[in-house]
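Residue numbering begins at 1 within each chain, and the chains themselves are lettered A, B, C and D in the order written.
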Amino acid sequence: MALDKYGIAKRIAKELKDGYYVNLGIGIPTLVANYIPEEIEVIFQSENGMLGMGPYPTENEMDADLINAGKETVTVLPGGVFFDSAESFGMIRAGKVDLTILGAMEVAENGDIANWKIPGKMVKGMGGAMDLVASAKNIIVAMQHTNPKGESKLLPACTLPLTGVGCVKKVVSDLGVFDIKDGAFVLLERAPGVSVEEIIAKTAGKLIINGEIPEMEA
Amino acid sequence: MALDKYGIAKRIAKELKDGYYVNLGIGIPTLVANYIPEEIEVIFQSENGMLGMGPYPTENEMDADLINAGKETVTVLPGGVFFDSAESFGMIRAGKVDLTILGAMEVAENGDIANWKIPGKMVKGMGGAMDLVASAKNIIVAMQHTNPKGESKLLPACTLPLTGVGCVKKVVSDLGVFDIKDGAFVLLERAPGVSVEEIIAKTAGKLIINGEIPEMEA
Amino acid sequence: MKKVVKDADEAISDIQSGSTLMLGGFGLCGIPENCIDALIKKGVNELTCISNNAGVDDFGIGLMLKTRQVKKMISSYVGENAEFERQLLSGELEVDLIPQGTLATRIAMRGMGIPAFFTPAGYGTEIAEGKEIKEFDGKMHLMEMALQADFAIVKAWKGDTLGNLVFRKTTRNFSVPMAKAGDITIAEVEELVQPGALDPDEIHVPGIYIHRIFQGEGYEKRIERKTVSLPK
Amino acid sequence: MKKVVKDADEAISDIQSGSTLMLGGFGLCGIPENCIDALIKKGVNELTCISNNAGVDDFGIGLMLKTRQVKKMISSYVGENAEFERQLLSGELEVDLIPQGTLATRIAMRGMGIPAFFTPAGYGTEIAEGKEIKEFDGKMHLMEMALQADFAIVKAWKGDTLGNLVFRKTTRNFSVPMAKAGDITIAEVEELVQPGALDPDEIHVPGIYIHRIFQGEGYEKRIERKTVSLPK
């Protein structure tokens, strides 16, 4: 059975390592924060200007001066820091953030990503996505494997305007986990109950399947 | 009688205006701080990283963590601020400092300045001088009119390696006050008792003398 | 040294139609509420506004859109505003979309006197069109230019009469780099104090960058997205 | 998250001969005294040291010059040191002199991930030789490159176990941009505290830049030029 958004978030959480500084995009990536393994400590960066982002506040704790990059009210954990947005993107650009997790409309087999613009539709802007994908040391895309029409989002080449080139290292979709390597999607794990055949059928980009593909652990 | 270094500093102090942010170089420029007119407020910037530099501390106030760009112990006035050296030169480069006063070995009639290097002698470095002269909106040079050999330091062209090009706006020497304009030194005032003839004799660069030249006020 | 003005009306009195303004804040967080109201009252128009976002329909820059005072927005994300969308689609409003980090840095560089710099953001995308490209350390970079503005308008938590500013939490956002970048910078503060009241080690924006300052009033500090956890 | 190390010896244990180091401080103000001692004890040599100054004969980097550990200095002003002058004139030591603002900014740009930028400093001087020159707004600028270092070593006043740093007075100098620029950054602090002890609005260097931190000991904090006024 394909993963739901919580399942995708939970699987991505396993990629986190102790001491990681992590930037979470809006949507599924935000959910990753709920599945951090007990034994490790990671610190969340919010690109408007904070490190040490904590959970949403209670009604009483809510503070208009304390929001995240999604403009949601949040809290700060002990050891957190505030800074301005130029400094924030400075640390992103300098590669100080260990991992960036974000959503995508399309990912290509060479690591290109498109997630900001659909021609003909109202364009809201790229926000920080172009900066993040151009500079992050390690980028994981969290997304549905196919679009609402059932078409693959893992493509030979992106059809939508690009956000960044050759930058995505890993994709976790509702169907599986894929490394992007040498111009192909390398299947690493299947979602529980999802067959290799289904993944082949729903992946338009070059797919590499080496031997037996394990089902991901619960 | 030619001015002594205190006289030069005192004359330069008259160039200050209320609200000016001022960077003072080492030597004569430092003395300018002692002659600020009562009725105006100026704020001194020290390029290692402070605004609101005050007088030297008493023995008891002395703090190893509080020095100026000349590495001297200083104090900070109410409303002062500390920052790092990159920020400090950022504000200099952005033209936020209204006036820079510094010494020179040579100044040319086109505003070039040389003050950091004598070929064949041990070179200590340019410190912040190149940044200051390249970026200051207004630069006044405080110096002796001639070198120890009696040779003019106001020249048609600098002979020493340059610190900056076309940047000096005004020179206050022991003999007089000069604007640098249209490729010439324009004599504005004579030091008390110094004749125009003496100034002509001791100025190697192009000198413009328009009408009667007043003696500077005490 | 006279930086203190009476109120927002006095602070913005010489802003003319056609000016380029930087407006601090991120979303509705830390926006200069008093000055936005004063700009609406004054009725200047044909403004170019540099601001990461464009407010919401009935708050922030959204209010200036409603009164048709804005000719062009320079932003990274502008999604929360129906009137914005209408004006954009009808061609009444121009929008220049810039990656958020590039936008923040182009502003910061202005305050550091650096006219141009290189960033990898946007290489290989439509953002790179027409820009000089250079390789450093095996990676392609775009040359980006510092952004100029006739006025920068920011809101800080505390400020002193010399213009030194202190911010609270995530309100530093675009306001700190903008405060340093404006040809003229206007700061409104929740609390105006005397020189010496702020610790010189804890000032976020040194007063040298600030030309006018006043204590604002009636801050609403609206929250765009209230998100809460249940009490434990 | 394990950033805390026992002492300077542990902090610098993997620094090898031939490394490039950034060493914080301005003159003797805010220098990493403990780490300098440990580097001398360890005896690594052929070091390239990026530091605004080179200490005095018997303190700061001057101590490392005495033990011949430094191959090259990258500085803006190096005047206060007889041994330095001797080694320089004898050809034992290389020196790369860089305008102070350009030096500070090349370091800061590394911490911002900006590989190159333009500054007017040094245009028309020997500093400009071999550099790309571009005109912006009618003024000539040099392209300058960010400076890389294998290790940056700084000393702060307080720090927490996550690496967040707070500085006192003019000790921020080159230490803040260097702390952000090092491939590996080591911070020694006068007082090491727990997360939450520092106000998140008042931190000068966020811990994300810091890889190792320890509480130093026995700070001498020597003053290079004691200048005093008489008590009033």
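Before moving on, here are some points about what is shown:
Going forward, a residue touches a chain if its C-beta (ideal position, glycine included) is under 8 Å from a C-beta of that chain, and two chains touch if they have at least 3 such contacts.
Predicted, not measured: the structure shown is a model, and the values here were computed from it.
Contact with subunit A and subunit C alike is made by D.
When the C-beta contacts at B-C and at B-D are tallied, the pair with the greater total is B-D.
Greatest Cα centroid separation from subunit D: this falls to A.
For this pair, subunit A with subunit D, the centres built from the Cα atoms lie 36 Å apart.
Distance between chain centres (mean CA atoms), subunit B to subunit D: 29 Å. One inter-chain figure worth recording: subunit C and subunit D are separated by 33 Å, centre to centre, where each centre is the mean of the chain's CA atoms. Those residues of subunit B in touch with two or more other chains are numbered 50, 76, 82-83, 86, 89-90, 92-93, 135.
Within subunit C, contacts with two or more other chains are made by residues 105, 112-114, 119-120, 167-169, 200-201. If you check each pair of chains against the touch rule, the ones that pass are A-C, A-D, B-C, B-D, C-D.
Interface residues of subunit C, counted against subunit A in their complex, comprise 26-30, 52, 75-79, 85, 88-89, 97, 99-102, 104-105, 107-108, 119-127, 157, 167-177, 204, 221-231.
On the side of subunit A, the complex with subunit C involves touching residues 46-50, 55-60, 62-68, 70-74, 76, 82-86, 88-90, 92-93, 112, 122-132, 134-135, 161-166. Those residues of subunit C lying in contact with subunit B across their complex are 1-2, 110-114, 160-162, 164, 180, 194-196, 198, 200-201, 203, 206-209.
Those residues of subunit C that touch subunit D in the complex are listed here as 105, 109, 112-120, 134, 136-137, 141, 145, 166-169, 200-202. Every residue of subunit A that touches subunit D in the complex is listed here, in rising order: 18-19, 21, 41, 43, 45, 50-52, 76-83, 86-87, 90-97, 135.
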